[in-house]
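By letter and in written order, the chains are A, B, C, D, E and F; residue numbering begins at 1 in each of them.
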Amino acid sequence: MQSLTNRKKVVGKKEMTWVEKLYLPAIFGGMRITLKHMFSKKTTISYPEQTREFSQIYRGMHVLKRDEKGAERCTACGLCAVACPAEAITMVAAERKKGEENLYREEKYAATYEINMLRCIFCGDCEDACPKESIFLTDRIVPSDFERNEFVYGKDKLVETLENPIDVSIRQTPEVLEFKKNKKLTHNR
Amino acid sequence: MNEIKTAQTAVAEKDYTTLNLGPTHPATHGIFQNIVKMDGEIIVDAVPTIGYIHRAFEKIAERRPYYQITPLTDRLNYCSSPINNMGWHMTVEKLAGIEVPKRVQYLRVVIMELARIADHIVCNSVIGVDTGALSGFLYVFQQREHIYEIYEEICGARLTTNVGRIGGLERDFSPKCIDKIEKFLENFPAVIKEFESLLMRNRIFMDRTIGVGAITAERALNYGFTGPNLRATGVDYDVRVMNPYSGYQDFDFVVPVGTSGDTYDRFMVRQQEMWESLSIIRQAMDKIIQMPEKVFHADVPEFYLPPKEEVYNNMEALIYHFKIVMGEVEIPKGEVYHSVEGGNGELGFYLVSDGGRTPYRLHFRRPCFIYYQAYTEMIKGAMLSDAILTLSSLNVIAGELDA
Amino acid sequence: MTQFLFYFLSFVAVAAGLMVITAKNPVHSVLYLIIAFFAIAGHYILLNAQFLAIVHIIVYAGAIMVLFLSVIMLLNLNKDNEPAKSNILKLAAAVAGGLLLVTFTGTLKGTESIIASQPFDDQIGYVKALGKVLFNDFLLPFEVSALLLLSAIIGAVVLVKHDLK
Amino acid sequence: MSEIIKPNFNIAEVPAGHDGPGFFATSMDKAVGLARKNSIWPLPFATSCCGIEFMAMMGSHYDFARFGSERLSFSPRQADLLMVMGTIAKKMAPVLKQVYEQMAEPRWVLSMGACASSGGIFDTYSVLQGIDRIIPVDVYVPGCPPRPEQVIDGILKIQDLIGNESLRRRNSPEYKDMLATYGIQVD
Amino acid sequence: MEDTLLHIVHDKLKSQFGEDIISAEQAYDFPVYTVSKKKIIEIISFLYNEEELGFQFLTTMCGLQFPENKGGEFCIMYQLHNMPKNWRIRLKVYTPANDMEYPTLTGIFSTANWMEREAFDFYGFIFKGHPNLIRILNMEDMTYHPMRKEYPLEDGTREDKNDTMFGR
Amino acid sequence: MFTPDLIFKVVLILSIFVITLVIAMYSTYGERKIAAFMQDRLGPNRAGIFGILQPLADGVKMFMKEELIPDISNKVLFILGPCLAMTTALMTSAIIPWGSNINIAGTDFSLQVTDLNIGVLYVFAVTSIGVYGIMIGGWASNNKYSLLGALRASSQMISYEIAMGLAIIALIMSTGTLSLKEISAAQAGFHWNIFVQPLGFLIFIICSFAETNRAPFDLPECETELVGGYHTEYSSMKLGFYLFAEYINMFIASAVISTLYFGGYNFPFMNSIGLSSNAVAILGVIFLFAKIFFFIFFFMWVRWTIPRFRYDQLMRLGWTVLIPLAIFNILLTGAIIFATNN
């Protein structure tokens, strides 16, 4: 067949020189390499004791953020559930009652919010879909467990605690961060 | 039944051994079954059965909005997920007529070429493992970990990346990520050289691979081969050159081809392609550095999610946001085919849209599915060990095979 | 002690030999034959012929029987599927076996006096003694058989080379 | 004997056979458990993406060998831990069950990744919605695919389980009943 | 007369097969020809053998279903490639739901073997003359053709989701 | 009845037995550690400090594992297989001279269980029947992979035995004896046979790789092709026996190589440094073990470096390269002996 492009380059020389036919030079060459590695620095990270550096934008366990005042941001709009390709998110919405303003930011909130971590594929689409900057994925990993019922994570495991807020600012695109600095910019135009 | 067979009749009938290779045989890496008929150690016939991880991708795709198909494509050829992601995004962009800025194209090229390297690393090192040389596998896998680190900096995941969106990437390369790419470009050549010197000119390896699982260019084309496996037969068909996408026409690289389409050629072609990929990444990085920063998506508010803060404050952005997430974007009617050069060959997306929320029909042209059917022909008359090497050098990825 | 060993080994050899021909499964036959060989090797050692014993094991148990076994395994004769033989075949086998027996007894009868007349030399089985005999008294037959073996090896090599295109 | 050690993990809502006399360890049990947990030979039942991540786990950065587990035994007879990694389609399910049945006791099962554990995104006609429908699973590892760190966590959990298991558990009627619920014959 | 690929191929086909070429259109970068079913093998072998055309590579083929399109509910799409010239075309062949029989393409392209099996598996197309037309991806004992629009995607045994409020 | 000689022999046999088992056990550990280090990993390090208890853990686990005997297999042969493999592996250690004579209370004791005047042939005979364990086990498993493994093992071993034997013949020609003791003694100091028979050594070591089923000749059990090869169907301690036998074989092969070609317990300047004969004997034992360990390491080093052969290539290498080479080596040796004697 004629050449389809003008960039063809034949690789794969198959003739062995007589030295190569002797087996031994290549074998000794290989053995030299393995021996060299024997004394090189080991790359292993002993996991439970040492942890490998995670990227800050790693898509691990979810968190439901609170706002600056400590109220839950989620308004149970259901966009994350719709955006979830695994259909792993379920929630039940409820009206905010009087006196709960410090608990929930909007009038509607998620009474229950469950993610089935065994279904979840950690694609980050829920994070993209959330209009309220409520759900984020974090660089924590979801621990393994013995029973499958344990993996339906409710609000008790998902909502960040007041004492121990989780910083997710780095996850947002530079564009968002820029935007936050300069409110006059509008999207894309 | 009382079957009495004397030695003479057994010989006369050629009493073949039937061996069941798979579905859990260690060499079938993914999962497929080959019922192999053998005369001693020579394979007389093979009957492949596939579908052991059939997951109904094409059916799911008819039920999911466009952006939710990206995670699906991850799981096609999971050794090079980003290529699939990008291919899918480009298909939708082609359908919707979205022009992507040059810088985004180059960023995509960097990601795709990294994925190609990762894919070829898996394939070639597994050839090494199947010949019994395990150490090389572990040397190059360390480098693959560095590729994963880069992915992680780009999108936050290691294997199933779900990287990018329709219209661009979700975020720009961070400085840390660029550092890591530079470091990778610096370190990788030495490792790959070492790997090559472990295997490439080792006579045992050459004896094992030369002439094994060979296929002629004619048969390969008739069987629909693409990618490295076709190039090993001497046909320089490469989608990146023939139908350039994502700015591949701006890069200078050669298309390595083999001569006889055997395992050694496939190995060499993949090996050389890694070098070419490295050079493409180098060129792309040089180009990216000269371009204005912070351009990482096309200016298409109706397809590309607006920044969160704006959603909260701006009515127009909010509407777009809801529309995009609900999948109610305005997609034109029509049918489009777009192909990219995946790790194993031409990965095509044939998309029929009726203007609705989801694709009306999405067909994946999965290179593995297409060329794996030649396997029977390729191993006839070979030995059992050859069959296994041929299989690993074809790099059949079960996810792509069965979809 | 020696006598006891002799009887034990003889018993093993005969029993194993019988099992060889009665076992239904050819693989079992081969295994019994190997046991018989070992018993015979034991006899050699009792006769102080260590060299012969070891060579016997190497050649018969270690090489020939391995080949037998692998051929039988390859032919997949591992089921108890020995075909029923016709009566004529059985008769022919009995006649042949009987003739062989007659031949053996005849030979043994003739050799009896020779063995008795020779004084027993406890060095006879040693390599050195053997070598001396081979290279002095039987030089020509030895060299001829060596040549034969060499040509066999060369033949084998050539046969393997033949596969190489 | 006498000394009764409570397992240090939560055994709430365990299916039948996971509790009962099986979970109390004597000192002999502990010694054997210690040996067993440091010598887990996995059978990688790798079907898809998770298999690639398993390779990463075998790789130098994570080095599964540290736990004494680098000796993969592809023969089910020799394996201790069945690691199911990747989608199990309904076509594959009988094969998986057969492999499990061929394994010698004691055997454990680790279900790695969303697909194996629950079907993941593949809620489709062709995919088994979780391998625990056909074989008992000891530890689930979430993620799609899980990071090697998560898998190592899962292995550590399996080690806990092994270390605390009584030698009698596998002969107990509870265990046999549990297997019977999966339709697995015990002889 | 225009000089585009669409027209070059169309003219050749039209002059050879006339009425069997039902329509031709350009869909993005692909010329698409709808052709009649009874001549499909002749058309493809003509495209394969004709000197100037030389479409000797079957990129892909797949089944499609359009339940609303009465009289042409099912369709098979063939995508051909002339590598040296880098020409690509698509052929579409419609068929009514009560006639799922197609001639097989395995005589021309070996690669069509599994593709046709896949189409059979998914939609139930019958390829006459196919050497081994059995299910390829799904289980042998499956009773329906799952890709047809009327069958559900879901397994149906899933217990862990609640669709009521999301309209999924 | 209980002469000091007999007591010493019993002690020697027991200690050799124990040492062999311990070395085989720790070879598994060593193999895993060496492989790890060659691959930039750490290797087993959880069982005990640095993972030193790893072999124990493996052993206990295997003992406690359920015994599975496939229904259709021949039970007696199925059990006989691993036993034979283990026995034949251990048999060779009887004639290896572990050191020169040691003097206790005025009596000389030989550090060798028995000195056969045909020692080399004995080694050879034991190796040649070593294959039965694998063959019987592989056949009795009634599994096609096992059977293929067994067949590969048998043909491989027979083919390489020939080259091995021819290589030894050249060695015997130059040493003039079949006794391992005498061969060792003749290499006193630094007169090692490797300098006399370099080509023979090369052939011999390649053949020992094949005879011990080690990479690149590990075809009978290569994982990627035959799952587990001949031991696919084995579980529990029977599998342990097979794996163990492989390491014992490796240890014995290293010992034989050291004895035949690397001076055995001899070390350079052993007679000129002026130590007592007992000290020299003990040092000799240490040196012998050092050599053995080096060769065990070498076996592992090769395994983790190079790819394996294909079945027919392996046969071709044996028949068309090694056997002619070995014959040539015999001719060469003969010529040299002829030339030097005249």
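General observations
As a working rule, contacts are C-beta pairs under 8 Å (C-beta built on N, C-alpha and C of every residue); 3 or more make two chains touch, one makes a residue touch a chain.
None of the values given here were measured: they were computed from a predicted structure.
Annotation of subunit A and subunit D: jointly contacted by B, E, F, touch as defined at the top.
Looking at contacts between chains, the pair that accounts for the most C-beta pairs is A-B. Relative to the C-alpha centre of subunit E, the farthest chain centre belongs to C.
Of all chains, the one whose CA centroid is most distant from that of subunit B is C. Subunit A and subunit B, compared by their mean Cα positions, are separated by 22 Å. With centres defined as mean CA coordinates, subunit C is found 72 Å away from subunit A. Rounded to whole angstrom, the centroid-to-centroid distance between subunit E and subunit F, based on C-alpha atoms, equals 63 Å. Residues of subunit C found to touch two or more other chains are 74.
Residues of subunit B found to touch two or more other chains are 17, 25-26, 51, 54, 56, 59-60, 71-72, 74, 133, 135, 138-139, 142, 160, 198, 202, 204, 221, 235, 237, 242, 402. In subunit D, 60-61, 63, 66, 72, 74, 91, 118-119, 121, 123-127, 144, 147 are the positions where the chain touches two or more neighbouring chains simultaneously. On the side of subunit F, the complex with subunit D involves touching residues 32, 35-36, 39-47, 51, 53-54, 56-61, 64-68, 223, 227-228, 231-236, 239. Within the complex, the subunit E residues that touch subunit A are 83-84, 86, 160-163, 165-168. For subunit A in complex with subunit F, the touching residues are 27, 30-31, 33-35, 37-38, 40-44, 46.
Residues 34, 37-42, 45, 301-302, 304-306 of subunit F touch subunit A in their complex. Residues 27-30, 32, 56-60, 62, 64-65, 77, 79, 83, 86, 88, 90, 109-111, 113-115, 118, 122, 135-139, 146-147, 149, 153 of subunit E are the ones that touch subunit B when the two sit in their complex.
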